[in-house]
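Naming follows writing order (A, B, C, D, E and F), and every chain is counted from residue 1.
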Amino acid sequence: MSKTSNKTVTKKIATKPRASATEGDDTAITAFALPPEPLEMAAYFKKCEEKLGFVPNVLKAYAFDNAKLSAFVAMYNDLMLAPSGLSKLEREMIAVAVSSHNRCYYCLVAHGAAVRGLSGDPALGELMAMNYRAARLSPRERAMLDFAVKLSAEPWSVEEADREALCRAGFGDRDIWDIAAVAGFFNMSNRIASATDMRPNSVYHCQAR
Amino acid sequence: MSKTSNKTVTKKIATKPRASATEGDDTAITAFALPPEPLEMAAYFKKCEEKLGFVPNVLKAYAFDNAKLSAFVAMYNDLMLAPSGLSKLEREMIAVAVSSHNRCYYCLVAHGAAVRGLSGDPALGELMAMNYRAARLSPRERAMLDFAVKLSAEPWSVEEADREALCRAGFGDRDIWDIAAVAGFFNMSNRIASATDMRPNSVYHCQAR
Amino acid sequence: MSKTSNKTVTKKIATKPRASATEGDDTAITAFALPPEPLEMAAYFKKCEEKLGFVPNVLKAYAFDNAKLSAFVAMYNDLMLAPSGLSKLEREMIAVAVSSHNRCYYCLVAHGAAVRGLSGDPALGELMAMNYRAARLSPRERAMLDFAVKLSAEPWSVEEADREALCRAGFGDRDIWDIAAVAGFFNMSNRIASATDMRPNSVYHCQAR
Amino acid sequence: MSKTSNKTVTKKIATKPRASATEGDDTAITAFALPPEPLEMAAYFKKCEEKLGFVPNVLKAYAFDNAKLSAFVAMYNDLMLAPSGLSKLEREMIAVAVSSHNRCYYCLVAHGAAVRGLSGDPALGELMAMNYRAARLSPRERAMLDFAVKLSAEPWSVEEADREALCRAGFGDRDIWDIAAVAGFFNMSNRIASATDMRPNSVYHCQAR
Amino acid sequence: MSKTSNKTVTKKIATKPRASATEGDDTAITAFALPPEPLEMAAYFKKCEEKLGFVPNVLKAYAFDNAKLSAFVAMYNDLMLAPSGLSKLEREMIAVAVSSHNRCYYCLVAHGAAVRGLSGDPALGELMAMNYRAARLSPRERAMLDFAVKLSAEPWSVEEADREALCRAGFGDRDIWDIAAVAGFFNMSNRIASATDMRPNSVYHCQAR
Amino acid sequence: MSKTSNKTVTKKIATKPRASATEGDDTAITAFALPPEPLEMAAYFKKCEEKLGFVPNVLKAYAFDNAKLSAFVAMYNDLMLAPSGLSKLEREMIAVAVSSHNRCYYCLVAHGAAVRGLSGDPALGELMAMNYRAARLSPRERAMLDFAVKLSAEPWSVEEADREALCRAGFGDRDIWDIAAVAGFFNMSNRIASATDMRPNSVYHCQAR
């Protein structure tokens, strides 16, 4: 250790304002330089613009290859939007709790906004991202998230007893499938986002606060 | 598994609105019933009201015993507010990154608000709570947080090489002490908050968004 | 502890032969009772039968819902079979190394067979399932698997330095995307298989030995 | 990241066949150059050749020192072959489940073959190496492996309640000793094999498939 | 690996006696060069000398800044010496069990001595430092340490069920606060000690043996 | 939480002195009731008495079966006492550092005493049991213990680079074997001791203080 340091604290030099922690998030969407294909999915992007006001960066990140983009969109839409015994809010809660386990910046931001919006309870979004165990939840919600997070943390030890806990909380076989499929999907997406340094649209940060 | 479930998803019964995930946070501050002492620190609480508009729940939680409350306040104020080679924002960034490692609801909410307020960059608060590695930080900030989080995760393996990495980033001995002391303090507070189910004032949630 | 036990070992009663460890794998494919939909994908299943001699159980498991089945098949085929800078064998090696990290019975059996078949080196399949670090691999293969397994184990800590290690091993941006996407996909599939107790077709066990 | 990579996947150059993942396993048995002693144990090696058709590489690895070789062989033979309340198959199942926890290439290959041979159920060998929790086992087998794997993963937390679970599954004190001793032995062997990069005889790979 | 090594063990050169493993512990108290302030707390140090025969190194380490030293001393004295439903020995047992989890050299030495002294049972001090689960403890002591160590290891998962286990062992709300506060305090101190390479007074090593 | 607790701390009832934390260690050596065999090894036990003044409890624990006892003694004596490039003290240091990783009460007590005795530096024994990283060690000692503890913690990731670090610290192939074999042996013994609740002779506690 340096022998010159002492109790007197270093005089702080007037510093220039720090750059934003999210600088470039809307322009340099991933660590990669992968030019988009002429968009067969242009119509889909346009629909996003109309419906959401923007195209989610994950879609732009996939736009270098239409086959990959369509497969992702088809799976995402089925899982998160199609009829299910789980409400859309419940599916988004799983998305955020799993993404919190994996500490995924992109998904926490994008799906945290979704939980805030669907629940009308902004603090619920925060709690899913921080520690779902601290939230005031129904027994059904708690059982669902316990399963999803255990499945994320140690999939090798998920067994019949874990499925039975979901049954006792009122979930049927199809519901358990859906919990597993949503938790599985975000274990995939979290990793693709981390591997590519995918950045969320900055608009998400202030949605539904 | 139930043999009656099938593909047809359960019909969703119109459900009553879910309770807030933070219900009771401003009234039932911990899991305990510890009545406050006649307040020698009343003046301090009054100052809080005047300065912040409210008394942070952690202080109310400690109010059952003046000796404990004063000791906590003295240490907190010295660490977070007294002169230091670390800016107040840097100290709050450590607070949140450590609390994220420990997934502490109280401290993430209260100190996340402080990071947002001090930096004027709301997303910086989010990033400290989600995964500090994903934030666009200066090398100095990154080195500081790497040390603080390693110290939280595996204190037994922090050694000279870790201190040297801080030196290379421009920190002196006294600065390293302060990084360690702030990181240590939140490793304490996080655990007291989790052990007692301490709830943050709900006003924090929307500060400096 | 029982006071009656002693050094004399318990006399072994002539036992009936133990049941197979894989009993029912070809008939009770998951823990769930989810009847298949009238198959729009019947043609696809028929093609499987013709090409592989059987329908992989994962497809039967998904057959309760055509939308889910098609989305899964579209994503799987693109990732594992479409043109890529990664050979099909490399993609299967990632599949097995990730599934080994997650200790997923279904995927280790099904994709272990694929590694054996594509490589003509049965022991390579074993090594991917046991510990890829013990295999004699090219530097390219090793870098690829190190990235995929780190991404599985601690996605929050994958950063630019990890991508640079892949660059140094000769991978381009699109290749890195593909490594991440395959690793991500099996982090999803492993969890769906574990959550549902999905059982592999027993035919895989002896393929390409 | 390289700016030159794009969607077009790299053209695959016709590659020379990859080397075997197990190249040299039968000739360079460890990472070390330790010449064998004039063999007092020659007779034992000869017996191996006659009985098994080959000398297990672990014995060759120990042959640089007769005292070490004899001590290892004496302990191994007592544990795995002497009379016990545990069948030989049960002892081999413990060997493989422990070696799977420790991801030991040598022991997984050699003792995986033993499980296949003794059980006549090749898939049982695979399942012990992949995830014993996914195998269809008797309650006795499951209790035995749960104890052995917990003892491998976190020996500091094995206590009376764990021994009682074995009692309830029908094991006596001497049986529990034997489970612990076999699990302990492979926690030793796994580490010696990993530390020395010990390679299994390639003949094991196809035994009893 | 070197090709020259062989079975013949390296001849041991007569070696000079090894230096003490604790060399400098009484003179170079931390890794830092932080000169003490003219001591307002001189009286306190003098009292230490009179009462203990020495000044604990942790106090000397803090002496570069009186505000920090007083805050530390005030909190320490309240927690460890003030009236509480926990005996002083119980508080020291928590200190050592937590410090064992965090493998903190300073605190294990200093507080191990305290456990030996207060209990008159030197082996109790050893057991707290090695593995509290192996000690013969009362159910009350065991419950207290289980809570303190879980709170150290995974604070995010401490919940109502953990508090209820303490209630069942006879602890009231104020007692649980004190367990949490002592456990929390040593999670702070352990980290400050590790971060600064703080060395315990060598006199502790032989106290109360 | 109980509503009756408050700030006033529970009045401490005059308590009877607590039982020793090591009660029964010299009489109930394990959790098991396994009567000793008529001792072929009586001579060996007698030699222990003469040389050490007592028979180590681990030998009494094994005395229910002479084959197991002899195999254990043969391996132990070869590893810890036979000629080696490692000094006896170095081998005992490995024993304690590994046993600290595994938090094994029996081995920490028995081999901690050996480190104290062989080194004449009682604090060295403590440091090996607490955190070897905090001890003032030679580079050779540090490299040796880093290897042994990594091999204990994550044997699957020990590779050529780890062996090379030992080479650079001056160890030859045979020395590395011995480090691995001693570390492996205590990974076995630690687990047998934990599985059986083996208790060390109380005489060890005060040896060589």
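Note that in this section a contact is a pair of C-beta atoms (placed from the backbone, for glycine too) under 8 Å apart; a residue touches a chain by one contact, two chains touch by 3 or more.
Please read all numbers here as calculations on a predicted model, not as lab measurements.
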{"item": "For chain A and chain D, chains touching each", "value": "C, E"}
{"item": "Centroid comparison with chain B (C-alpha atoms), farthest chain", "value": "D"}
{"item": "Rigid-body rotation angle, chain C and chain B, from Cα fit (steps of 5°)", "value": "120"}
{"item": "Centre distance in Å when chain D and chain E are each reduced to the mean of their C-alpha atoms", "value": "40"}
{"item": "Chain A and chain B, separation of their C-alpha mean positions in angstrom", "value": "22"}
{"item": "Shared interface positions of chain F, touching two or more other chains", "value": "1-2, 4-7, 31-34, 64, 103-104, 131, 156, 159, 163, 173-174, 176, 197"}
{"item": "All pairs of touching chains, each written as two labels joined by a dash", "value": "A-B, A-C, A-D, A-E, B-C, B-E, B-F, C-D, C-F, D-E, D-F, E-F"}
{"item": "Contact footprint of chain A on chain B as seen in their complex", "value": "1-2, 4-10, 12, 18-24, 83-85, 87, 100, 103-105, 108-109, 119, 121-124, 126-127, 129-131, 134-138, 163, 167, 172-176, 197, 202, 205-206, 209"}
{"item": "For the chain A and chain D complex, residues of the former touching the latter", "value": "31-35, 37, 64-65, 156-157, 159"}
{"item": "Partner chain E, residues of chain A touching it in the complex", "value": "1-7, 131, 133"}
{"item": "Of all residues in chain D, those that touch chain F in their complex", "value": "31-34, 64, 67-68, 70-72, 74-75, 78, 82, 102-104, 147, 151-152, 155-156, 158-160, 162-163, 173-174, 176-177, 179-181, 183-185, 187-192, 194-197"}
